[in-house]
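Okay, so here's the structure we're looking at.
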């Protein structure tokens, strides 16, 4: 059943396989009059692009995006926006080795169980190449959110080695190939990942994405809670196995006194004295920064032979060669930012449907 | 915008406030011919019901469910099923104390920010009382899944004190008031929670829910991944701050070799030699048990005075009296089971839409 | 698959069978702060209520609606609104006669073909009794639309006898039992329907519903066109076989010159000199009155024996006794008004999601 | 808000403007293993293609479709199918004449009212050029339906001149430029339309589309009735102002006796002795042919000057030059067929979600 779209008011629907002709996307529900040209999207795609350091896949893809519709004279028209990226480096290599084999940790077995056939070239639709279109949609979402909402992400742990939060520097994130906010951790990771890559192994990672400037009251109070939609958004990214908001799992180890963020007025505005909640209470934004973390498993494509079976039920050994990321978590940073942006854009538009604020004669602090 | 429904093919939509007249639910998309009488639902509601031990709220609610439609002569007809629970113990107490005050950690502030007004009696729609209808819908979902799929849950950590997984005993879960699978942990928690309750404080918890017997191939491969929908389902439960599948965050600390579950044939069937993946790869079920954990923050209703503001912008101190759960995680166990059931039922029906298996001449191991 | 709900931003989901315990509805997406008490809904339900004249079914149902949630101190809170009507007059008669028989023109055969079983008492879910909840949801939708949008309906043809449009008088609609705007037609119909009723036969009808005061620009330009959603809404009413907007089928017999409504400025506002379009161009409202007509087939429950089969494949003769409307079109008038209201409320909220008008620096005539 | 997609289980989402770079579509929910190559789609696009006779627009567009994803080795994989048509003949003409003017009968005014700006080149997104992608999606839908379901359409009335149903010949439909099933009507229309074209005027038309071989029981019984979805589908086509099922409006002029189709067993199967219902009862298919008609208004682009206003509120006269269809109804025939196909494909998959038939121990005639 249809499952290649995301969002309700701001909705994008994607297509494309790793080694197919192209990746594409329809972004629907974008308000009219927003400035949007290809460079606005390309800028974010370039951050996710493969081949930018020795720590990511060496596949060469310029990922040049084309806007096919939905804008006129550089502004959105309110109609659906078609986006297209032609694949360039889908190597015509021989895939006969993995054609019938289920690589451990990959979706090969489950696709066959579901569909009975699959495009096995480079993982087909299951490849993280699909995330390029998430980033493109996220770029459009940022336009919807406007300048007042700032979305940033960082890698906060790699292979179990966490950053020092006291040393957090957002500017540092742009200076190393890991989106790492802590220069010392970045240095350690360079050694770590070099060794992992040489060994043909892989490591996992934890990504943190943050949105600042989000007004209070976005979200919906029961099933479409803002955090529920964020959890879905992040868990839908390839290789993600866990999501948390604010203190997340650590919150379950706090006392009620320590966890509940106190409030005071500051500059005439309601203000939280802490942000254990990660900017969300009761499924609605509080106005404090929205903080989301997600865990990425180690890349399943590794050189060490692993036991598996093939589609005929034979037992086999599998080694995965090819161009892979030793830590897919790195390139997940811009993807996580994009998914945060699309969820916020969707809820911003959904909230507007209720009419202008303050509502129902409510408080206008 | 509409956000009180969950699911696509199997969909339920709920209403009701903590201290309103009733809670209700429409369950839509249920196949015809399934045996369903009130006792089939009541059985699960009774597990979530308040007032069953001194460790949960003392509010007295029989939570008697009435099936208003959608069945005929004890079987589902394929039409929508209306369910109703009348509230009994909505004490006519004086709420003037919290009427204008934002209790820290609660949704009081965010509801006001969004709507400008709220039903403040007992938390209104934000109260965990809403979860009764999740459990009711989950009971119907279990009927859709049939006897072959078994869903169980347990509390695996309370206030930072985890169970010993080597001592796991599913039978023990039914023997203590905590749904704890480890008798020694249950004993420790009794002491811990007794002290917390007396102090008017609260603790958090971690719940684990497991589904066995799920066929391989349920889910959708991109945005409606099975794990993505599970993450949304669990995060939408009150007070949940984190969700993980299989090894979850711990997977990010494993090597690719350790994490990727190997396969062999066993009794003529594809079999996984481990289950780090928690039964899901590429968003599709593998046939191994589906394992989901979620973290619950400590109850925000505590006796210790906390700093806050009121809706007029005055700074205040807040103490929350009333009947509360010192650890809401306990009653979240049946709720988590229910949400696991509804997601699986939805994806079972969605998968059926593709036609009978094996598909496309695929492998029939 | 789930199909008992209607709408996107303003969405209602219903349940209930003709001779079941109750009818119910969840109205979701209603903005906060609107005044809403039971009388606001009852008022419209009373117009659809059975037993009000000898020309409609004699079933005695007060159709007393209960608001179970979603309001507080007489105003909507933004959360889901639960509505309930208990059935009173579900006669415990013997249904064994029609239990296994497919009444011609009814949904008996198709329900059995789809589900394999059905609640045959009074038509079960297929009964027009379901429309009570449409009217209830429509009452809430009118609150969303506000006083500025006026929705009215009338019966414009019965049994092939049309009203004289030159004699149209909206006040007359409230004065006769047919919602007929032409007093002379009302008189003719009284004779016609009296004869039909005595003969145990039935006739069809055409209903026209009109919305005035709808701002220009509601709707969506491609698949969710305002007229497309109206067509779905009206065709989903029991016994409806045709829908048209503005001149409808007659428009196909006009020349391009005659059909395209010309424009001029009037009192500083864009104004249409005619309304062949029925207030909708390109799927968007023009600001002119929205005019929708729908055709209702003659009631299928008639006394004359008809040839049919039973569920065992035997050929039988069927006569339908019981309390029926000789012209179901009469009671379809308030239902059509309600469906017009819910579609407009949905699109009003959807349009708001794009932000305040005028948009993108557009014309502010 | 997002409105460029159609369908639930089988869902397609489109983009593209008349004079933009390209038209595109994502078809989502297609079961795996269906044979699908570009020629399967091109075949139907060629029937809708402009420039094929002097009676349709002379714009030269090969409408060559490219499948960008979702198939592998000539078969569908179950993942989303990306389709693309590059525009070729988007004349770089001067649009300054209509840039600020609202052409009567067009969506110019309403787009400006909604969005505040529009792509005015050739009607932008409001152009019937968008329907190319409906035809492409319909071609995929036909694959889902399989050979057993036959969908055909014809023009049954042009400019008020109806075909003689006694002379109906499906083979004739392919022999004239009007998709007319009656050779004598086709001859008359040739004269009629020639005159209309020379006069720079336009006429309307009525299209009938028929599906044979549809199994009984497709559809949903309340809001997503099969006929409700068909009404929406047809009304969403450009210039459509009315839709009817079976006898449609004429059914409202029949007696209950004449209208209710009687049943008998024939060759061991339930059989209807007439088909006034057009193959749908209670929102579910009966197994008889599904018959849908829709009315198309005369093309609004005409040479005769008409009164209108411009976006600055000035009163103007408008004549529409350019390449237009004097009767857009002709090219609506393949579009109507396509929309019938997509609705049926959606409901076929939705019905499958309930499990294999016969259900609930139901009749297996």
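By written order: A, B, C and D. Residues from 1 in each chain.
Following the convention adopted for this analysis, a residue touches a chain if its C-beta (ideal position, glycine included) is under 8 Å from a C-beta of that chain, and two chains touch if they have at least 3 such contacts.
Keep in mind that what you see is a predicted model, and the values were worked out from it rather than measured.
Counting hops only between chains that touch, subunit B reaches subunit D in a minimum of 1.
Between A-C and C-D, more C-beta contact pairs are found at C-D.
In this assembly, A is the chain whose CA centroid lies farthest from the centroid of subunit C.
Between the CA-based centres of subunit A and subunit D the separation comes to 38 Å, rounded to the whole angstrom. Inter-chain spacing, taken between the CA centroids of subunit A and subunit C, is 45 Å. Between the Cα centres of subunit C and subunit D there is a gap of 25 Å. For subunit B, the set of residues touching two or more other chains reads 1, 3-5, 8-9, 14, 29, 32-33, 75, 78-80, 114-117, 125, 221-222, 349-350, 353-354, 359-361. Against subunit D, in their complex, subunit A makes its touches with residues 1-5, 7-11, 13-17, 20-24, 26, 28-29, 32-33, 66, 68-70, 72, 75, 77-82, 84, 114-119, 124-125, 349, 353. Those residues of subunit B whose C-beta lies close enough to touch subunit A in the complex are 1, 3-6, 8-9, 14, 102-107, 109-117, 125-126, 130, 157, 159-160, 201-206, 215-225, 227-236, 238, 240-249, 251-257, 259-265, 268, 270, 273, 276-278, 280-287, 295-302, 304, 306-309, 311-315, 329, 350-351, 353-354, 357-363, 365. Across the complex, subunit B meets subunit D through its residues 8-9, 29, 31-33, 75, 78-80, 221-222, 349-350, 352-356, 359-361.
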